[in-house]
Amino acid sequence: MSLNRETTASLIVMAALLSTVLWAEATGEPFTITLATRAAIFALAGIGLNLALGMGGMVSLGHAVFFGIGGYAMGILASHAQTFTPLTTWPILIEGTNAMPVIWLVAVISSALAALAIGALTLRTSGVYFIMITLAFGQMFYYFMTGWPAYGGEDGLSIYVRNGFPGLNTLDPIQFFAICFAFLACALWLYIRVDASPFGLTLSAARQNEARLRAVGIDPFRIRLVAFTLSGAVTGLAGALFADLNRFVSPAMFSWQTSGEIVIFVILGGVGRPIGPVVGAGLYVLLEHTLGDVSDYWQIVLGAILLAIVLFARGGLTGLVLGRPLPHG
Amino acid sequence: MSFVFLVEQVLNGLQFGVMLFLMAAGLTLIFGVMGLINLAHGSLYMIGAFAAAATAAATGSFLLALAAALAASALAGAVIERLVIRQLYDRDHLDQVLATFALILIFSEGARWVFGSFPLYLAIPEALSGPVTLPFGIEYPRYRLALIGIGLAVAAGLFWLISSTRIGVQIRAGEADREMIGALGVDIDRLYLLVFALGAALAGLAGALIGAIQSVQVGMGEPVLILAFVVIVIGGIGSIRGAFIGALLVGLTDTLGRVLLPGLFGLLLDPAAAASVGASLASMAIYILMAGVLIARPQGLFGSA
Amino acid sequence: MKHILLAAALAATAGMAQAEVKVGMITTLSGGGAGLGIDVRDGFMLAVKQAGRDDIEVLIEDDQRKPDIAVQLADEMIQAEDVDVLTGIIWSNLAMAVVPAAVAQGKFYLSPNAGPSALAGKGCHPNYFNVAWQNDNLHEAAGAYANSAGYANSFILAPNYPAGQDALTGYKRFYESDLAGEVYTKLGQTDYAAEIAQIRASDADSVFFFLPGGMGISFLKQYADSGVDLPLIGPAFSFDQGILQAVGDAALGVVNTSQWNKDIDTPANAEFVESFQAEYGRLPSLYASQGFDTANLLMSAMDKADVADADAFRAALTDADFTSTRGDFAFGPNRHPVQDIYVREVIKEGDVYTNRILDVAIEDHADAYAAECPQ
Amino acid sequence: MGDATPILEARGLSKRFGAIPASRAVTLDLRAGEIHALIGPNGAGKSTLIKLIAGDLTPDEGSVYLGGLDVTALGTAARAREGLGRTFQISSLIPEASVLQNATLGALGRLGQPYRFFSRALRDRALRRTAEAALATVGLEELHQTRSAELSHGQRRQLEIGVALTLAPKVFLMDEPMAGLSAEGARQLTGILSDLRRTAPILLVEHDMDVVFALADRISVLVAGEIIATGPPDAIRADPAVRSAYLGEATP
């Protein structure tokens, strides 16, 4: 396989992330690993969004819904396992679980179903209307989870011990990082493959010219719906991992700020670039962590940096370094 | 549930609605004429409230406070239009969202830096405080009646401005076809600056008026901003008439939802649970309304397809 | 890491002693709720400064009121900084995110503000100490006060989230008469016209509300202007020093419950109020008093035991052998306060709005969950 | 001239926008092997008719048959799958995609394979063969890797037709393919179209009268939403109604 520019850049960034963590492990800096894990999970959520936003042009300001659903899949299953109470006894007995693979599966399926339903309702709209209707769905879920007492309401759910994965000690920062990094690498690979696939071509055509797509016999709505569902599923998986990183879930995962942050990862890094969300999430976590040292009013600095990037680095950081994307193939 | 009670709640919904209209009108104008999504509109609302509170504290005059709010928010609007917003007209919505989100961070923390972390004090002017008695024995706060009046007056003024003045012609031309107005010899830079400052001033006015009955604090703009977006999306982006109808719809839905839904659930559940479930649903009500409108009419009630 | 404040570092001229106790303070210093965190921090640091010790190191970080940030900071403090004690969290939901994992890893947690019921009952932990109150306490006291004031038909309202639900439950636990209405508002709601109309339409004789922060300011201003003049009762959170100035006359005369006030007549409290004002140029709030007490509790334990000896240090903390700004202070079996809760009234002193104590609402009040805490 | 069974047939198509009738009981057909040109002055309703046939608009009355099948109820995409290959008046391509990708998209639509996530679009043999053959037919084989936004105007026209070709359509529906072309470009495209009618018949909407009379086997004249005449070029040229209603004021 010959490597194009995008793939090479992806490999370099991923290698940088990995070596940061290995260096932190060697020098005994577990917290750096935790930060890297956080960045990897955000990047995964960003790659999910990038499928819809970058490839498909669907500017969703409601991806927190899927992030939150993934998180609560973990929270609900694990809290039932923690208290040894079944989720439901009717019509069939469903028990909670501490097994990560099961949680991931539930997170992916339930966020995909939510994305399918929300997409089916919202993808008839476009432009600002789509931005706002996805935001509205986010707010609905946010207020629902805040007021629903069964799983902690606004207090959220605390899971005291991180869930388990066969053969690994997930409480060890580097082993949990390994899981997240593996998922990130898979998602990146998936993104690059889909980008070059018939589906990717069709989806980017749906973004650029709907009429053309219809004229060749393809319904853009269905293409978008499939992409939106896939996108929601990836972001949902990130939500489940995020919940396990924090050992905690709360409705804040559903808030519009969370949706906004996921969008920021993508724009910062570069919309529609495979590695964009990884770069964006990495930078965001780094800024968030280091700017606090500057002053109590560090968010002013963060705002100024974001502003500078939008105004002066079109195409995000990836665009700044790599220039415009080439037509692939 | 008595008739009087319902009338009072409808008035509350109206009052909430017309104040939302002040926010939404600027937002929808700015979108209609310049094609810009301005998340920082909530910050202009906050600036209006802070300017009013600071001025009222220094001078004791509510009218001066209102004037200060208008001036400060219009000025802030003009400054960010010149420095930042101007660069964003040709960009896609994504860049606009990120850049104006960055402005929120800067304004919010900037306000905290200048005014401190504690809420500020802004009181209802003496002449408008206390309740009045309306027909049917309805007791209603005088200030809220005044808000309804001011809101309706501003709405009427806006309709007049858009329909009967030169600026209005230019604004409508700009909404219809952005390239056209340049060809007509209109100074686009000036028009954009004017529209943005006007939108900002309306937001600042809303902030000052509402600040008198709410908490003047950092972050007060964002919840209102989201509601204003809901309003303009329901009404159809770019349409002042849509913003007006949308604002009233949202105001009434939210107010009546809060009042009626818990009662409705009270028929099925025990009072504490009904209060909680009803409240949950009530806080989702306007978003459900918006999703419903968009599913039925993807371009909003008065939007052009 | 920022804000490494070596207390009395300047005083330690003759070779700096190794800090014996490292404290990680996670609190809200930016955004809308920053006022509370700043008060807790300032109260805490004032106590540390007054003690003039060089064996305590405090690391302060801003949680932005976001649970995931709080968790991340706790991880940082535990993993990278190896702190001995955590403290500072203002909000229950953040406490729920941080505390269980922190104490499970053998750290001590001293709560200067939040007291969710889950951490007082079944989820209590020997390393978790609450120096403020269990969340229900002030609401329970408000219920008790309503009885003694002879109210027979209360209208009660709170935001629709767990602390709000706990508030109404707490009030009802002590309040013995009828309810004219029970309303949950939206979290962060700023307009209460609809609820005030409901109050007007009900035949209530009193109103209990729990609306912390800006929500309370909005409610009080709108209520005062509505012409409804039923007596209001609330917990101290809507009447603390930080926000009273923003409410203004609308708060005058309103009765509220608190475990502390600046006029509690003890030498320790008088000195605290005076020195806080001298240091920061403003009157202390109850949050500041809680931060101050938290630091003094910690230092009292440091005098008795080495933090490395967890059992001894835990016993020393449990003794609560310090002079609280609120007078008598002791821990119950679940390491939550047993304390008097006062009824206060909002007054104006010169240009400044503040509170004065009217009476004691409940003496030696413990919380309702202690029995559920496994010993 | 081809046989008499129509491959595309519009029967009594009517469409009003508010009070304004844009199409009035239009009946017209397209037979194998022919180029059938549709002409008419501006505002005659040509665009509306094209949209009715392509499926962008649904008629108030009347129906559309494609290969003997009633497609009136089908949307644009479904009609394309039934074999309606369309080119647009204003070039409508995927700007960021290469020439080959644009053509591959057509092949994907035809083969009904858009939901393949992991194979590589440009390495699939069947897709590639279809796309390359179509590009060769329209003379773009040298420009496979060029971004379509960077093509010249004439090349975009050729690509439009190439994409339509990948659909292996039963009929072509071409909306002013010559618009904006240089004389040289128009001559080249005329040659391509002339050959193309053997692949599938073409319904051609065109302003350039030289092209129309050079290419068309039959011509229909649309005036105010109505077909006033249909017939071979000579007959149309001689038709007095056409002369008075249309040709007199036309600017070729």
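Labels for the chains are A, B, C and D, by order of writing; each one numbers its residues from 1.
What we mean here is this: contacts are C-beta pairs under 8 Å (C-beta built on N, C-alpha and C of every residue); 3 or more make two chains touch, one makes a residue touch a chain.
Model, not experiment: these values are computed from the prediction.
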{"item": "Required minimum of steps from chain C to chain D, each step between chains that touch", "value": "2"}
{"item": "More contacts between chains, A-C or B-C", "value": "B-C"}
{"item": "Chain ID, smallest distance between chain and overall C-alpha centroids", "value": "A"}
{"item": "Approximate Å spacing (C-alpha centroids) for the pair chain B, chain D", "value": "49"}
{"item": "For chain A paired with chain C, centre-to-centre distance based on mean C-alpha positions, whole Å", "value": "36"}
{"item": "Chain centre separation (chain A, chain B; CA means) in Å", "value": "32"}
{"item": "Residue list for chain A, restricted to those that touch at least two other chains", "value": "143, 146-147, 149, 297-299"}
{"item": "Residue numbers of chain C (touch at least two other chains)", "value": "30-31, 160, 165, 184, 186-187"}
{"item": "Graph class of chain-chain contacts, one of line, ring, star, complete, other", "value": "other"}
{"item": "Each pair of chains that touches, named by its two labels", "value": "A-B, A-C, A-D, B-C"}
{"item": "Chain A residues touching chain C - in the complex, by the definition given at the top", "value": "29-32, 34-35, 38, 143, 146-147, 149, 152-156, 158, 160-161, 173, 242, 246-248, 250, 252-253, 288, 292-293, 296-299"}
{"item": "Contacting residues of chain A [partner chain D, same complex]", "value": "193-194, 196-202, 204-205, 208-209, 211-219, 223, 226, 325, 327, 329"}
{"item": "Contact footprint of chain A on chain C as seen in their complex", "value": "1-2, 29-31, 61-62, 66-69, 71-72, 75-76, 79-80, 92-93, 96-97, 100-101, 104, 116, 118, 160-163, 165, 184, 186-187"}
{"item": "Chain D - residues contacting chain A, complex", "value": "54, 75-78, 80-81, 86, 88, 92-98, 100-101, 104-106, 108-110, 112-122, 124, 127, 145, 147, 163-164, 166-167"}
{"item": "Partner chain B, residues of chain A touching it in the complex", "value": "53, 59, 61, 121-122, 124-129, 131-133, 135-137, 139-140, 143-144, 146-149, 256, 260, 263-264, 267-268, 271, 297-300, 302-307, 309-311, 314"}
